[in-house]
Every structure is written in C-alpha cells, then in structure tokens.
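The structures considered in this document are given below.
What follows is a pair of complexes built around chain A, which joins chain B in one and chain C in the other.
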Partner chain A sequence: MLRRMITFMQVLVSGFATGCIYGLVALSFVLIYKATETVSFMQGELLMVGAFAVLALNVGAGWPLWLAALCGVAGMVVLGAVLERSVLRRAIGQPHLTAVLLTFGLGMMMRGSVTTVPAASHSMHRLPFPFAGETLTVGPVPVAAEHVAVIVATVLLAAALTLFFRHTRAGLALRACSENPRIASLMGVSVSRMHTLAWALGAGLAACAGLMLAPVTFVHLNMGLIALKAFPAAVLGGMTSLPGALIAGIFLGIAEAIAGLMLPEGVKDIVPYALLMIALLLFPSGIGAAFARGGARLAR
Partner chain B sequence: MRSFGLISIRSMVAAVGMATAMTLSVSASATPGVSDREILVGTIQDLSGPIAMLGTPVRDAMLMRFEEANQAGGVHGRMLRLAVEDAAYDPKRAVLAARKLVQRDQVFAFLANMGTPVVMATMQMIVDSGRPHLFPFSPHELTYTPLHPLKFQMFAPYQDYMDAAVRHMVGANGYRQTCLLYQDDDYGLEVMKGVEAGLAKIDMALVERTSYKRGATDFSSQVARLRAAGCDFVVLATVVRETVAVMAEARKIGWEVDMLVTASGYSAQTHELGGDAVEGLYGVTVLPHPYAEGADPALADWIDRYRARFGVAPNVWSAMGYTIADLFIQAADAAGPELTIEGFVSAMASLHTEGDIFGGPAYRFSPDDHLGNRYGRIAQIRDGRWEVLTDYVD
Partner chain C sequence: MTGQAPTLRGGFARRVGLSVIVLCALSLLAVRHLGLDYALGQLVFIFTYAIAGLGVVLIVGQSGQISLGQGALIALGAYVQTLLVLRGVPVPVALVLAIAVGCAGGWIASLPARRLGGLYFAMSTLAFALIVEEVLVRWESMTRGAAGLLVPDASIGPWLLNATLSQALVSGLVFLIALGCCRRWVASRHGRAWRAVRDDEVAAAACGVDVARCKAQAFVIGGGLSGLAGGLYAHWIGFISPEQFGLFLSFELLMLAFIGGARHLAGAFWGALVIVAIPQANALLRDLLPAELARAAGVEAIMFGAVIVAVILFRPQGIAGGKA
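Coming up: the complex of A and B.
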C-alpha cells in the first residue's frame, strides 16, 4: 500500500512538472492571443530556438550557464520584438488566417535556420545544469531535481508575471490594450508598442519554457513539439485567461501521468483530449472564465 | 501528283529511317542517369524534419564516399553524383521528390531513402519506373520481400533481430519476467512482434507492455507500471531521448533492472546524454559506433577525413551512409563498363562483401535473397561507451 502511494506521488510530481511546461507554453500562446488576437503557431519553434541560443552561448561561446540563459532569453525577447516590428505588424487589418500563416512560415524559417548548423542537426545536446540527473527525496518519495527546478521556476515566473501585470505601467497598459485596444489608445496607450511588447514577452516565455524543458528532454530540433500539448491547454484555459492557461496546462500534465499509471494500457493517450472535450462542454469559455465566475460568486 | 507521291515515299522512308536511328540511339543510351562521364544517383532524405539528425549524417557520408570514388577516377571512368531531395519525413513531399528524381533528374537508382513513411509512399513508384530501390532506411519487410529484381535491403527488420536478441538475452541471463516499453507506431509494433516471437520460441510471453506517443516528455507512469508488474528484463522500443529518459526514471526510483534497447537507441548520444543513468544498458547493434578513441588506423583516418570535410564527428548513421554508398560502388564496379540497370541488379544480386573498416557484418546478397544481413550483436554501455559483447546472434 505504502509502495503504491509512493509510486502515485512520484507520478503526480512528474505530471505536475510536465504540466508546468505545458502551462508556460500555453501562457505564451494566450499572452499573444489576448493582446493581438493572433494564434501564434511558432511558439514551439521559438522554444526550440531559445534553447539552442542558450546552448550556443554556453557551449559554443563558453559563457557561464547563468549568463548564457539570461542573454539567450533576452535575445529571444528582442527577436520577438523584431519579428513583430518587421513582419507581423503587416498582418494587422488582414484576415486572421494571414497572421496565422505568417507565424507558420516564420516558424519554418527558424527551424530551417537551425538545421543549417551541422552540429545542431546532427545530434541532441544537454545544457549543463548543476542539478541535472540528481534525485531528491521528499519524505519517502524520490523526486527528480529537474522536476523540482521546473516547478520552482514556474512559480517564480508566474509571480513575476503577476507583479508585472498588476503593478507596472507597461503591464497595466498591456492588459488595458488586451481588454479594449480602442479605449486604451484613447487613454494614451500606444497599441502598436503593446503589440511589440506582447510578442516580445511571448517569445521570452517560450524561451523560458525551452530552458526548463532542456534538462528533461534535452535540446534538439523537435523539442518544440510540446506546443502540440500546450495548445489544448491554452484552449482549455479559455484562450484569454493567463492563470487559466497555466492551470489547464498543469491539469493536462497530471491527468496524462495519472491516466498512464491507473488506466488500462492505450487509454492514457485519449484521456487529456477526452477531458478537454468534457471541460469545453461544461465550461465553453474555458476553465479561467469558470474560475473567475466562481470567484465572483464567492465574492458576492 | 507523281512527284508529290515520290517525295512522299522518300520522306516517309527518311522519317522511318530517322525514327529507327533515334530508337537505336535511345536504346544505346537508354540507361537513365548514366552517361559516358557520370552516374547520377538519387536519394530522398530528411534534412529538416523530425529525423534530420539521422538524415544529415547519412547524406554527408554518402557524399564523402562518392567524392572519394571520384577522386580515385570514378567507377569505370564515370563520376558519381548524388541528387539529394529533402522530404522532411513527409510522404507527400517524398512522392514529389521521387517524381522529380525519376522524371526530371533521370536518376539511375535510389539509395538510402529515409524513413518508413517516405519509403512506403514512394517505393512502388520507383520500382515501377524501373529504378533500383536500394538500402532504404526502413526496416520493413516490404523493402525486400516478396522478392523483386529491383529491391535490395541491408537493414534487417526489427522483428528479425529483436527475436534473436531477446532469446539470447533471456538464455544468457535467465530472466523470468520480460516486459516491453514501446513507441506507439509501426516501429514499436514491429519490435513487439519480434519480442513476442522470440519469447514464444522459448515458451515464454510478455508479462507487461506499455507504450508512449512520439514526442512524450514524461515516462514516470510507464516505468511505475513496469515495476509494479515485477519485470526483471525490459525491452525498449525507443529512440535515443526516450531511452535516456526511461533509464533515468528507473534509476531515480531506485529500480535496478536490465534493459535492452533496439538499434534505434544504439547511439553514442545515448551515453553522452544519459551519463551514469544509462550505464549497463544493453543494446542491439548492426554497425558499431565509430569511436575515435581506440580506433584502428584505417578507422581513425576515416574519422579524421570526415571531421575535416563536415566539421563534426561522425556517428553510427555516418557509418551506415558510407557503407551504403560503398555497396553501391562495389556493385556498379562489378557490373562492368557497360552499365545498365539489368547488369547492375544482377551484380548486386551476387555481391558478397567481407566486412569493412567499421567492423560491420559481411553482406551476402543472392538472386533469391535481397536482404544482405539479418543479424545484430549485443552491446552494453560500460564506462560511458558502447562495448560490443557478442558476435552476430541468430
């Protein structure tokens, strides 16, 4: 019985950590969607390029890992901003599909550029995190250090984002812009700057998710595939709710892991999507909206 | 009218004569992709898709072998040229690539097409166009059975060598509870068939099996499940990343169980990425990894040349690409100066090789059997590198 409990806890923690990464990528989807009404299909590629950028600075240029990570993420923020200024801005006013296809194309270009580096396309790489491969024991439950790191980093990032959106001018302006760009611009908020900021943040968040994924799945060309799981999380969260996206990501991660342990073989792969459908039937506007309604009811 | 009739007859004769001459000249140079100076060979690779990590070294090594042959004067004076198309593991793009290589580039043969979906989508079209379909990276039976004059293969299906490898491992180590963790696609199912067949021959059966989808990040539930089933031997139908993740997960929860991975997990990357977690992992190998350290002079020289040409160290895929190109050259050479497709496939169907600088198997092709090798060897990760433990097991 104890052994079963321990196994259950182990799987739960792994699922939670995986869910955090789904959640972070989902956050980046939602951040961009809320501010610009564009579904970005290049988040997976941004995640991959971010991880490769850190790898290049660390292994290629020999920078210490913390500096490489900082500069890599900062570089991705700049890349997001530059892409918005140079390319994505031109899709404003065009049909939705234009922007979607544009992000697809940009993603393919990013992927293509990484494949031109022989060392990148030949193999997978590891970032030398000090905790990689270590095991911690929490009570009787052995937990991978990288999973703990992922959870801690997600909590810190979520806290930083909350502070940013609640207490900084730029964060408030971005929120205002997401709620109603017309009124925001009447209030003196530069909508186009906010778009740049949203893409920059979206790219930065994707890069952070890439960094967290690196010790779990290593750095390789296909690490961006995780976006396929993160997108349902974003939808489940309601596409417009930042906490909703994070919670939905964690929910999917845990559901997937527990289903793999408890349910008959072959069922686990259906579970996240079945749950997604049920949740959308029950809460058509997403988990985030359902939570918000619940909160409002409680407040009344 | 008379003169008109005469002219008409003359012109008809001339036309018939020209047509005959053209037919003759066409049949004289009818072998596509072959001129007096050149042999053009096509390959459909994955250079940008999910298995670009395999496709790139394969392409590079084939180029390298062709360049070496050209520097040495070519094959019967003809230079070898490789026309590479990138299909990114996508069957739709592969069909377009195959059509282009057949119709526009007029290649002589297809070499080392990459990936089962690509091969399944294009193989029929290629052999229907009369081009040899050689050594595709698809360990699927259809690539050499039923016997077809134009199909040749050097990679045995997973089913064949995993059957033998599992029987060998169970026999040598006395495992009682064999389990399987597999990728939920054709690859995994093929391995499952092999493992089941091997166990059935020694009156055993799989105790537990569990799967994952490609791109999965978390293996905790699968490993927990296998442990709960009391497995003492786990066969992994995984690729590199999943192999490392599964081993790391098992070691994390303190489960010391023997695991055997297919040739898809036999890669230097497995121990480079996995470190201590993968020590002791068994693997099946067809060609040994070309390690620079401890290489004999011929292999060390090859590694240096590869590094100088492409700027990265070669891996087991490079060794495969090089071997494939080398087999092609040997058969083309044996086919003689008048290179035709018939001549080439008949030379291929009697090609026997005697090992190579990599320590690969001796390939034996015959008119009745177009699969050059059926067996793999068991290797184990010891002190951070693969050590080959056995000869080819059958």
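Coming up: the complex of A and C.
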C-alpha cells in the first residue's frame, strides 16, 4: 500500500514537471498569440534550436554551462526579434492559417538547418547539469532531481514574468497592447515594438523550456514535438490567459502521467487531445472564459 | 469574391498557353533527367496529391475552414482500401468504400464546427488527426500497428495496374473526374454558400445559408476526396504505415493548397506539382552543391520551408491566383 502511494507520488511529481514544460511552451505560444494575433507553429522548433544552441556553446565551444545557457537563451531572444522584424511582421492581419503555415515553414527551415549538422542529427546529447541523475528524498518519496529542478525553475520564471508584467514599463505596455492595440497606441505605446518584444520573449521562453527539458529527455532533433502537447494546454487555458496556459499545461502533464499509470499503454499519448476535445465540446467558450476570468484575477 | 469567374475572363487563353508551355518544359526536363519511367511515377504522385489537394481547396479555400487533420482522412482511405483489397474485395468496390469512409471521417472531423469557430476548431481537427493516428498504431490486430501493411497491386477486372504508365493514366483520369465534379460543386449553389460562409458567416446566416450544414458538407466532400486519394496512394506506394499519414502530411497538403492557390481548383494541381518536384529539385541540386553540404539530410526540409515562406511573403494568392 505504502509502496503504491510512493509510486503514485513519484508519478505525480514527474507529471507535474512535464506539465511545467508543457505550460511554459503554452505560455510562450499564448504570449505571442495575445500580442500579435499570430498562431505560432514553431515553438517546438524554437525550443529545440535553443537547446542545441546551449549545447553547441557548452560542449562545442567549451564555455561553462551557466554562461552557455545565458548566451543561448539571449541568442534565441535575438532570433525571435529578428524573425519578427524580417518575416513574421507580414503575417499580421492575415488569416490564421497564413500565420500557421508561415511559422510552420520557418520551423521546417530551422529543423532542416539543425539536421544538416551531422553531429546534431545523429545522436542524443546530454547537457552536463550538476544535478543530473541524482535523486532527492522528500519525506519517504524519492524523486528525480531533474524534476525538482524543472519545477523550481518554472516557479522562478513565472515569478519573474509576473514581476515583468506588473512592474515594468515594457511589461505594462505589452499587456496594454495585448488588451487593445489601438488604445495602447493612442497612449503612446509603440505597437510594432511590442510585437517584436512579444516574439523575443516567446522565443526566449521556448528556449528556457528547451533548457529545462534537456535533462529530462536529452537534447535531440525531435524534442520539439513536445509543443504538440502544448497546443491543447494553450487552448484549454483559453488562448488568451498566461496563467491559464501554465495551469492547463500542469493539469495536462499530471493527467497524462496518471493515465500512464492507470490506463493501458498508448492511451497516455492521446489523453491531452481527448481532454481537449471533451473540454471544447462541453464548454465551447466556457472553460476558456472561466480560466480567463480566474487568470485576470491572478494577474491583478 | 467568386473563386473562378475573374480568372476565366482575365486572359484565359494566355493562362492556358503559359501553363502548357511550363508543363511541356517541365516534362521535358523531367524525362531527360529522371528517365521516362521515373518521370511517369512522379506524375502518378502529382495526380494523387492533386486529388487530395482538391479536398483541401474545397475545405480551406472555398468554405474557409482550417483543417490540420487532412492526413488522417487520407490514412482512413488508405487503410480501408488496403484492408478490403487484402480480404479479396475488388479494387473499384474498395475504392468506393474508401471514399465513403473518408466522407464519414470528414463528417466526424467537422462535428466540432457546430460549436467552435476559427482556431478552436482548427485545434479540434488536429486532435482528431492525432487520435486517428494513435488508433491506427494501437489497433494491431487490424492494422498491424507501426509495422505497417503491404498493399497488393491494383487491378481493374482482368487488368493489372503494375506499370507506371497505366497507373499514371488511371490517376490522371480519376483526377480529371474529381476536378470535373469539383467544378460543378463550386459553381453550384453549394459553392456559393461555401464562399458566402468563408467571407462572412453572420451575413451568410442572415441570407438563409445553413452555416453548420455548409461546413459539414465541405468536410464530407473534402474527406471523400482525401479517402479517394488515400486509396489510390496505398496502391501506388505499395506499403502503408501510420507514420506516413502524420501531421507532416496534413501540413504538406495545406502547403500544397497555399502554394498552388487555395481559392482555385487548378491550384491543387500546381501545388501538387511543386510539392512533388521539391525532392527532385533537391536531388538535382545535390549534384551541383559541394559534397559536404549536399549529403546532409536537412536540405530538403529547408527547401520545403523556404518555398512556403517565399510563397506566403511574395505571392500570397498562390501560383494559380492572380495578383489580387
């Protein structure tokens, strides 16, 4: 009985950690969608490229891990801004599908570029985090240090984002711009700069998620597929609520982990989509609206 | 606003002339570089993709819905066709059933549209596709899961379609029939209703268009075309497994429609031509580029991505569309 409880707790923690990553990717997706009305289908690729950038700086160029991580994420922020300035800007005001295909195309180009590097495409890589492979014991429950690190990092990132959105000029301007771009621009906010900022932040967040995913699943070409689980999270969270996306991501991560424990093999992978379908059909606007209302309260 | 009329008037003869010249040049190039048999094999895939592309054009370009799950509808057609033919059902009969299952799949995929709009609906089609793919992988007693199924050669009565020439003729003929049907639908009151829904749902409803039914109709017909393409594809490729019909195929078809021009039926053909030609162009390029770069596997993905990005940026109406 106790052993089963411990297994259950372990599954819960690992689901929570996976959910945090889903949530962060969903967060980056919603951040971009809210500010620019652009549906980004390349968050997974941004995540993968971010992880590879850190890997290249750390293992390839021999920089210390903290410096590589910092520069890798900063590099992705710049990449996001550059892509917005050069290409993604054109998708504004177009139908959703145009943006979907445009970002999907850019994602393919990124993926292809990484594939052309033989060292990257042929094997799985590991980032040498100091805590990799260790276990912590919380009460009677042994949990993997990676999972704890992911959860802690998510909490820190969420706190930093909250501070940014509430207490900095840029954060407030970005929020204003997401709420109503026309009025924001009348108040002196440069809407086009805010679009660039949103993409830069979105790319940076995706890179952070990639960095956090690295100790859990290794760094490899297909690690971006995790973004496919982040879409249901973003939709469940109501598409326009940042806390909603994070919470929905964690919810899906836990639901998936529990399904993996209880249900036959293979069911686990479709649980997020099944939940998404049920939620969409039962509450076509309800769950999003409910989350958004709760989210607005949280954000205030 | 109307899909076809302006292009018909605006220099129709010039368009046809240009198309014929381009096609002749391309086929000459293809036959010279790839050999006749191989070029015909590619033509088979162009027609098959174009049939599926017609479905996307109807759903996306005519009725204005986003479908991220087209690959799953093709998978349904391909699996139904294969499973039936393996059990001894004649190919044409199986093909009809594949179309029927494609229609049914399209209808199911369109159900959420009754309650959801825009992006939420797009996500539900994505969920539909991923669930279908997972079922195909897990239902091993029926589909042999990820191991896949071998598909026998197609035969119509006494004729065995194992030569590329006969395959090209059959798929070309089927494409032309499908194109003819689509032209009729697009020109009919159903087509008008689709375009009305695409341009403004509320206005369409106010004019007495049953919006939900209209969307479902587009999906049923689009699904049927996908099922047809899937049934043919299974025979031509000779082996099917769930991973061939994943998200990438769905996006490939969307790209196809966008590259060709989602608002025009002819766009399906032009898009299919580009989509099938990209890997060939890549193979040609491989001889020109330095060996170090050419051997790398990612060049094809970069080319796909670059083509779709370039089309959206520089020719948003696609090849078949004018400069609107």
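Quick notes on this structure:
We adopt the following convention: the second predicted complex is superposed on the first by the 271 of 300 C-alpha atoms of A that agree within 3 Å, B and C clash if a C-alpha of one lies under 4 Å from a C-alpha of the other, contacts with A are read in each partner's own complex, and residues count from 1 in each chain.
Just so we're on the same page, a contact is a pair of C-beta atoms (placed from the backbone, for glycine too) under 8 Å apart; a residue touches a chain by one contact, two chains touch by 3 or more.
Computed from a predicted structure; not experimentally measured.
Of the two partner chains placed by the overlay, chain B and chain C both lie in contact with A:L228.
Touch criterion met: A:G253 reaches chain B, while chain C stays clear of it. Legend: residue contacts after superposition of the two complexes on their common chain; A:V87 is shown touching chain C, with no touch to chain B. By the touch criterion stated above, A:V155 is placed in contact with neither chain B nor chain C. Of the two partner chains placed by the overlay, only chain B lies in contact with A:R126; chain C stays clear of it.
Of the two partner chains, chain B is the only one touched by A:H220; chain C is not.
Of the two partner chains placed by superposition, chain B and chain C are both touched by A:R111. Legend: residue contacts after superposition of the two complexes on their common chain; A:D269 is shown touching both chain B and chain C. Chain A uses residues 111-112, 115, 118, 121, 228, 266, 269 to touch chain B in one structure and chain C in the other.
Those residues of chain A that touch chain B in the complex are listed here as 7, 10-11, 14-15, 17-18, 21, 111-112, 115, 118-119, 121-124, 126, 133, 135, 142, 144, 213, 216-218, 220-222, 225-226, 228, 253, 256-261, 265-266, 268-269. Here chain B touches chain A in the complex through residues 47-48, 50, 52-53, 56-57, 60, 184, 209-211, 213-215, 217-218, 220-222, 224-225, 227-228, 240-241, 244-245, 248-249, 251-254, 269, 272-273, 275-277, 310-312, 315, going by the rule given at the top.
Chain contact summary for the complex, chain C toward chain A: residues 60, 66, 68, 112, 115-116, 118-120, 122-124, 126-128, 130-131, 134, 137-138, 247, 251, 254-255, 258, 293, 296-309, 312-313, 316.
Residues 39, 87, 90-91, 94, 96-98, 100-102, 104-118, 121, 228, 231-232, 235, 239, 266, 269-270, 273-274, 276-277, 280-281, 284 of chain A touch chain C in their complex.
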